[in-house]
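Letters A, B and C mark the chains as written, and numbering starts fresh at 1 in each.
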């Protein structure tokens, strides 16, 4: 994951353009990606897919001919979607177009102006402070092409049944590591891992990599007739910093993915936090808008907006560790395993406890104590009334989902549960 | 409020009589009051409106001709509804009719005997202890007039719709400040404030000032066919002491007023406490009796029965402060504002987030953080599915009701919410 | 209870046989017991009633003719249901059939092998360690009689109505005091106490004394058509140690017995603990299997499996005190009193508070405070809408069930509640 992040960190991603295309191409070297180009001007909910933005050059030359800022050094230096401009400005006139952070003078802020036509540069505050009086030559050589398109990618692992699990992350942030190239890297690797499994999953797993806000909205609008297939999902962001793993519930709050996440994280080694839904954050804002209300939660380490480096050039690769990325990936896999493995078991012998010893399911003598596996057998048998799920068994027993699922498999093998039903 | 309290503190209030009439007349100088005379003998639930009680004189003269107690000094000295008596008693015979507080020897207790015919005097215990042996001349010159009536008052602020909000407080306690002249003063001032607002409320606000127990019961019996109009209400008592504001839930426990009170008090500056319903206290006992079960809670500072001065002459104006009364009034107004302003918003753009910037609802650039107002916009939009209320938005967001309501107003102004519906 | 325990402690109880018969006979000297013999081979759910096991002799003679272990010394020495064997073994061969506790070297473990045919001895680990090399003469003279039977007992106190309350405890453990002769003694004494009451209960109280696991399963199978009569019940075990009284909820978790137990124990003097259901423990495992799902909880002091002496010879009469047994019996009686006395009161005067003073239900003068009984009157009246029970009244008021029930009786006596309905 870190390798992919290093390769793609400085690609000039935005809502549209070659930065996103090149990022998806880098992922496609690991796992197949279905790329869709959505034409500029396509309606998407309350929004419209914007013109494709291209940056040929953007820089400012100060008194004495010194190049004081240049997008060639970092995509962060130019406000996203800046309109074209060319002219000579005084210091004061220039500063009306310059964004910097007085509280964080060594960092370049990340700013965009996707929907309001304007141009601007983002600079370190200490560099802004050092600008002398005088004349500044500004070049913003950009293009907003109404005949362009917005690029989105999907990694799809086909399942055996009609339901789907959706994973999503924004792919539009340039030059920032944790928010959100870490999420892109995690889902690319997740796709690779799922695609390599020998057996297909029950449910199709669809990983959506799209520009923030308008990307998911356009995808939802285009797929509106099939959304009832979505059994659950996760929006992923900020997956690589050392903070606790944080799961934010879906708008519903009690969707299967919400219970799966709480259960899986409780049995993970890392610290974790569970939060209620709020209508702010990442792609889940769109999946959980009231017209869709999909069972999609959000997973991150430190949530976006809550660490001081967020949306600045200090959100770089020093913030992201391989261990954090691996832990986040493990957490996502554990949650997906619960979603995928859950079922409603039905006992074939519900009247009193069945005899486990006769079937080789326990080797205990009367008077000895059993362990977790035996407790799991008893829990699954006790709740196997067709109304309870394996997640219920795990929640009520305090045992992990794998221990419960293995017990269910053993009981099914011994003929004590009917064939799987969901 | 304090001025009204000073004017009316020593009026000889009781279940009936001129003390109540004069109190209502004092209020009517501030805001119109509809006065109703309910004839003695009128059935009221399990009760009957009592004969009107009049006190011409009541005093005891001790050995040596000393006047040891006289109702002319304080209405507390005579047990409420004392029957007429005239006679000469020994000290021991007299003491069988004297109530005092050994634990609070400097205070006169407040006692009534509305339903059992008897007479009695209430005295400071230290005065009782000092009574010499000898003969005592007792005069209790009272009348119980079966042709009299019970007086109740209503302050009514008409609303534009059919629903009502009910406020109620007992008006029968004589000579006691916090319990409950403070409640009377608060509701009189509330009526004045509501009546002066330029726009009429959605719901008629009805303020009932009536003698305890039998007053609300008689009002309920007389209005039994219209009680389903009552959307919510508050019984007010003990509103002027410095204790925390205490809201006691309605019998239902989850009525709109219960949630409105919890929400409003959470955002008030004063300390506050929330309590479950108990069938003891003030007028809410009648509104929340099982046959009516109205959505009426109770608000006070220190609840009746929980402060040591309660039901004694020490419950005087030194216990009541203008700041406490103002805070209580503010709390009641805030609760009523939630009840009045709540609605179920419906988004006109529920499929993904609508574009706030285009409508001038946010001035943020991408990458900057929003404040409470912007979070409120997102919460209202997210929950505007016709199933959630603005109170739901406030509860889930942690934001105050005014912040949420202002956001709903802004969204409605921008065409993002349909017209108000409730 | 201790006397009965002393009398019966060393009877050779097992799933079948004269040990159980003699234990039931000892109980029958205190209270009538209906004894049922279930023939070996009878199907019982997933199980079959086993052959009757008889032990004529079982001992091992070591080098030098020393008798190293003999079932005549304690029934614990022979693994329950040991098959017959006679032979000369080396020390190593013998040890493959010997069970001991390295962590508790002075105690004999309790082991059974009801369903796997094998033989074995249970010894103190320190005695095992001291065994010399040499030849050992083993005699296990046992019989498994397919023409025998399993013995169960029922103590039945007939009720006036069709519903039943079920109490159950296993009667198969030999030579162990707390687990579970204490439960047997408690239920025998409970039966005696209930049988001596002057009035029959509303509900038949049925006390089942049967061998563990297969006993309740056989009883359930035989009574399958009548189980809907069971209003509630308790499985009793480990009732005599000094631990806190522990109530484990039924599988349903919110059955009347669950609320009754929580309420009754809250007002008992002993410390107590409430636990959720788990499918491990005593007879409740069968009553709460998914095919039956009966409203039966479990009560104990320290639950089985949680004290170090459990299932060893150290679980002897020094662990059991008369005070603990009396407290456990009191707790069971209190829970049964709640179940038996609960009802849904209906007020005859639901519109406002009825006048208590006129009916002699209160002697308070206005202004004085009431006590628990008066609060109970108000609570019952307030909740007497036919939807709430007396248990609801007790839970919401914080008052004990007897205080609430007495208030309901007083109100019914005064005509303020309709006749009892349930």
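Methods note: a contact is a pair of C-beta atoms (placed from the backbone, for glycine too) under 8 Å apart; a residue touches a chain by one contact, two chains touch by 3 or more.
Just so it is clear, the model here is predicted, and its values are computed rather than measured.
K.L.:
Which chains make contact with chain A and with chain B at once?
P.N.:
Touching chain A and chain B alike, sorted by label: C.
K.L.:
Over half of interface residue numbers shared between chain A and chain C means same, under half means different, so which is it?
P.N.:
Result for this pair: different.
K.L.:
How big is the gap, in whole Å, between where the Cα atoms of chain A centre and where those of chain C centre?
P.N.:
54
K.L.:
Going by the touch rule set out above, which residues of chain C reach two or more other chains?
P.N.:
Residues of chain C touching two or more partner chains: there are none.
K.L.:
So in the complex, the part of chain C that touches chain A is made up of which residues?
P.N.:
Within the complex, chain C touches chain A at residues 44-47, 79-80, 99, 109-116, 213, 216-217, 220-221, 224, 251, 276-280, 285-286, 288-293, 305, 311.
K.L.:
Provide the residue numbers of chain C that touch chain B in the complex, in ascending order.
P.N.:
For this pair, the touching residues of chain C are 347, 349-355, 357-358, 365-370, 375, 378-379, 381-385, 396-397.
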